Amino acid sequence: MSETTGGVEMDEDVSGVIKKFLYVNRKAPYGTIYALESLEVVLIAAAFDQDVSLVFLDDGVYQLAKGQHTKTIDVKNFSPTYRALEGYDIEKLYVEKESLEARGLTAEDLIVPVTLLPAAEMAELMDGQDIVLSF
Amino acid sequence: MKFGIMVNEGPYTHEASDTAYLFAKAVLEKGHQIHRIFFYHDGVNNSTRLTEPPQDDRNIVTRWSKLAAEHQIDLVVCVAAALRRGIRDENLAEGFRISGLGQLIESGIQADRLVVFGD
Amino acid sequence: MLHTVNKSPFERNSLERCLQYAKKGSAILLIEDGVYGALKGTAVTDKVKKAMKNVSIYALYPDIEARGMQDKAIDGIRLVDYGGFVDLVAEHRNVHSWL
Amino acid sequence: MKFGIMVNEGPYTHEASDTAYLFAKAVLEKGHQIHRIFFYHDGVNNSTRLTEPPQDDRNIVTRWSKLAAEHQIDLVVCVAAALRRGIRDENLAEGFRISGLGQLIESGIQADRLVVFGD
Amino acid sequence: MLHTVNKSPFERNSLERCLQYAKKGSAILLIEDGVYGALKGTAVTDKVKKAMKNVSIYALYPDIEARGMQDKAIDGIRLVDYGGFVDLVAEHRNVHSWL
Amino acid sequence: MSETTGGVEMDEDVSGVIKKFLYVNRKAPYGTIYALESLEVVLIAAAFDQDVSLVFLDDGVYQLAKGQHTKTIDVKNFSPTYRALEGYDIEKLYVEKESLEARGLTAEDLIVPVTLLPAAEMAELMDGQDIVLSF
């Protein structure tokens, strides 16, 4: 049995294994493409039934800012996609409290509900992963 | 042990692709295996066969091709990232193949370690 | 002269260096991720406000808007569009992009 | 007034090429002239005709080609930087030409202002 | 776990953030421009030395040598080659590259 | 009369104009290619008989460090080229004092003789240029 995922035949020995994947987002949107292409990975990853978490720290918290209007820079506004993650069963979104505070933001300013964690707890979370992907 | 490697930056501009290559060689020298090397973001530019660096410089692209040929290593270039940046079969160097992002996740699942090299 | 800064002040040192270099009467334009340096209530706001006593600070509004920061610019920072960017370049003898 | 523009980063990865393009358009709208747009470092990747971004995204390469055609703008790609990165006449998009670094210095001399866009 | 840092601590915030995140007993490997964080007598030396009480810090010697910093590494920072880099990855359950 | 420079025919109206060109180096060598490709511009620029200055600040000061040995990373050591600049009549090399000090370096650690300037004087120098190229 195989299932096509992102144009890929999954090998037999993939099925059954569940690893903890952490996606680390530390970069602001639009200034560079990392945030967008990271999100593209997360969407594909959803098909693999792994244990997926996303963390947003440093300028990565800006990816989730409400009210993004990208028309005048002629770039696609991809922020609504974060709201779609729930539909892909990706529900573990963590934002670092210190990063948010340093930028004068609160959870109210974010486009999706997230879990706020202080850096020390984020570090614990990171520590317990199998795969840490950063972009 | 099986290693997966992810390369996020293009050749020459950032040291990431050099470090990834030298790391990959050391993985093999240590007797480990490489499950796959996945090229993403500007990393896809590591696969252009049109590159022609100065005579006295390393050729990053052919270096990858040779490594793949000598050790049967799977070099995968992300199709979405590649199309954006002008990498297609017509300018793809030997030893590389273009495929989907699923190949990266699969590498994360099947390899014992996944190491990311980027900017 | 005109200085441009295109990086977030939380990630890189370019805004900080630029503020040290911008002489009295010169102008700084924040663009791309540099616009995060133009916002109220952040860890760098005070530093930027202090610099505003000596230099004129501008921010590229299309980049502010893209990032959802429309209502957060520090009072006194002048918001410009690309046409305003062109005017700033034209008005100053030279430009240094703090890359 | 005559403007020279230098673009140091590739398309999509950094906002630099977007900003440079929107700046160039504004220069023309304000009634100024563009002496030349010089592509250096990864900026040379702005000139690959093999790019194929998603349907709902801007096409950065063809956008430059159109600007050049409509306003007779000289788009120069640095030959040394281009060879390193796999840009040659065979994958060069319309409106671009490959030439030497002297074209950048010349632009600095002949234009009234030279503005650099990069990482 | 193993953390890698590849950026200069004078230009970016990644070493600083990594030092805050690296838990007791974990390891940090400085590579590429990150090796500038491994040097004696700089503005960040004290911060790095302090962290060394809780975490093991390594630096990639080929990158140190390339930059002409052979004689400047902080005592106690362990210098490794690419083989040592591979060993560090193998010895730790996971790796986070602070890009 | 025209002279070939970097594969370029100089136009008539270039000759005679002398502008002040400043090359700003703020990035470390090897981690990225900017330092090397910046140097390639400077070498070409030498043929144009302009008033050329180079400044090194922040991590750019590392470009001039003595004792670079790049064999084990298989990259060309381009630092000797800075010593060749004098032969191209490029003699104005300025290093920011504060940047050097923050890195625990002195003029003794540099591969070429340079003029040390405090940031305030560097700012004056920058201000007086016609063209400021950064990479």
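The letters A, B, C, D, E and F name the chains in turn, as written, and every chain counts its residues from 1.
Convention: a residue touches a chain if its C-beta (ideal position, glycine included) is under 8 Å from a C-beta of that chain, and two chains touch if they have at least 3 such contacts.
No experiment lies behind these values; they were computed from the predicted model shown.
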item: Subunit E reached from subunit A - shortest hop count over touching chains; value: 1
item: Higher-contact pair (C-beta pairs counted), A-C versus B-F; value: A-C
item: Per Cα centroids, the chain farthest from subunit A; value: F
item: Between subunit A and its twin subunit F, rotation from the CA superposition, multiple of 5 degrees; value: 180
item: Identity of the chain that, by mean CA position, is farthest from subunit B; value: C
item: Between subunit A and subunit D, centroid-to-centroid distance (C-alpha), Å; value: 33
item: Computed distance of Cα centres, subunit D from subunit B, in Å; value: 28
item: CA centroid of subunit C to CA centroid of subunit D, Å; value: 24
item: Residue numbers of subunit A (touch at least two other chains); value: 30-34, 58, 73, 75, 130-132, 134-135
item: Contacts with 2+ other chains: residues of subunit B; value: 8, 12-13, 15, 22, 41, 57, 80, 114, 116, 118
item: Multi-chain contact residues (two or more partners), subunit C; value: 6, 10-11, 13, 32-33, 62-63, 81, 94-95, 97, 99
item: Graph class of chain-chain contacts, one of line, ring, star, complete, other; value: other
item: Touch relationships between chains, expressed as pairs; value: A-B, A-C, A-D, A-E, B-D, B-E, B-F, C-D, C-E, C-F, D-F, E-F
item: Of subunit F, residues touching subunit D in the complex; value: 5-8, 10-11, 13-14, 17, 19, 21, 33-34, 37, 40-41, 44-45, 47-48, 50, 130-135
item: Touching residues on subunit A, where the partner in the complex is subunit D; value: 30-33, 73-76
item: Subunit B partner contacts - residues on subunit D that touch it in the complex; value: 10-13, 41-42, 45, 48-54, 57, 61, 80, 83-88, 90-91
item: Partner subunit F, residues of subunit D touching it in the complex; value: 6, 8, 40-41, 79-81, 99-106, 108-110, 114, 116, 118
item: Of all residues in subunit F, those that touch subunit C in their complex; value: 24, 26, 34, 57-58, 119, 122-124, 126-127, 129-132, 134-135
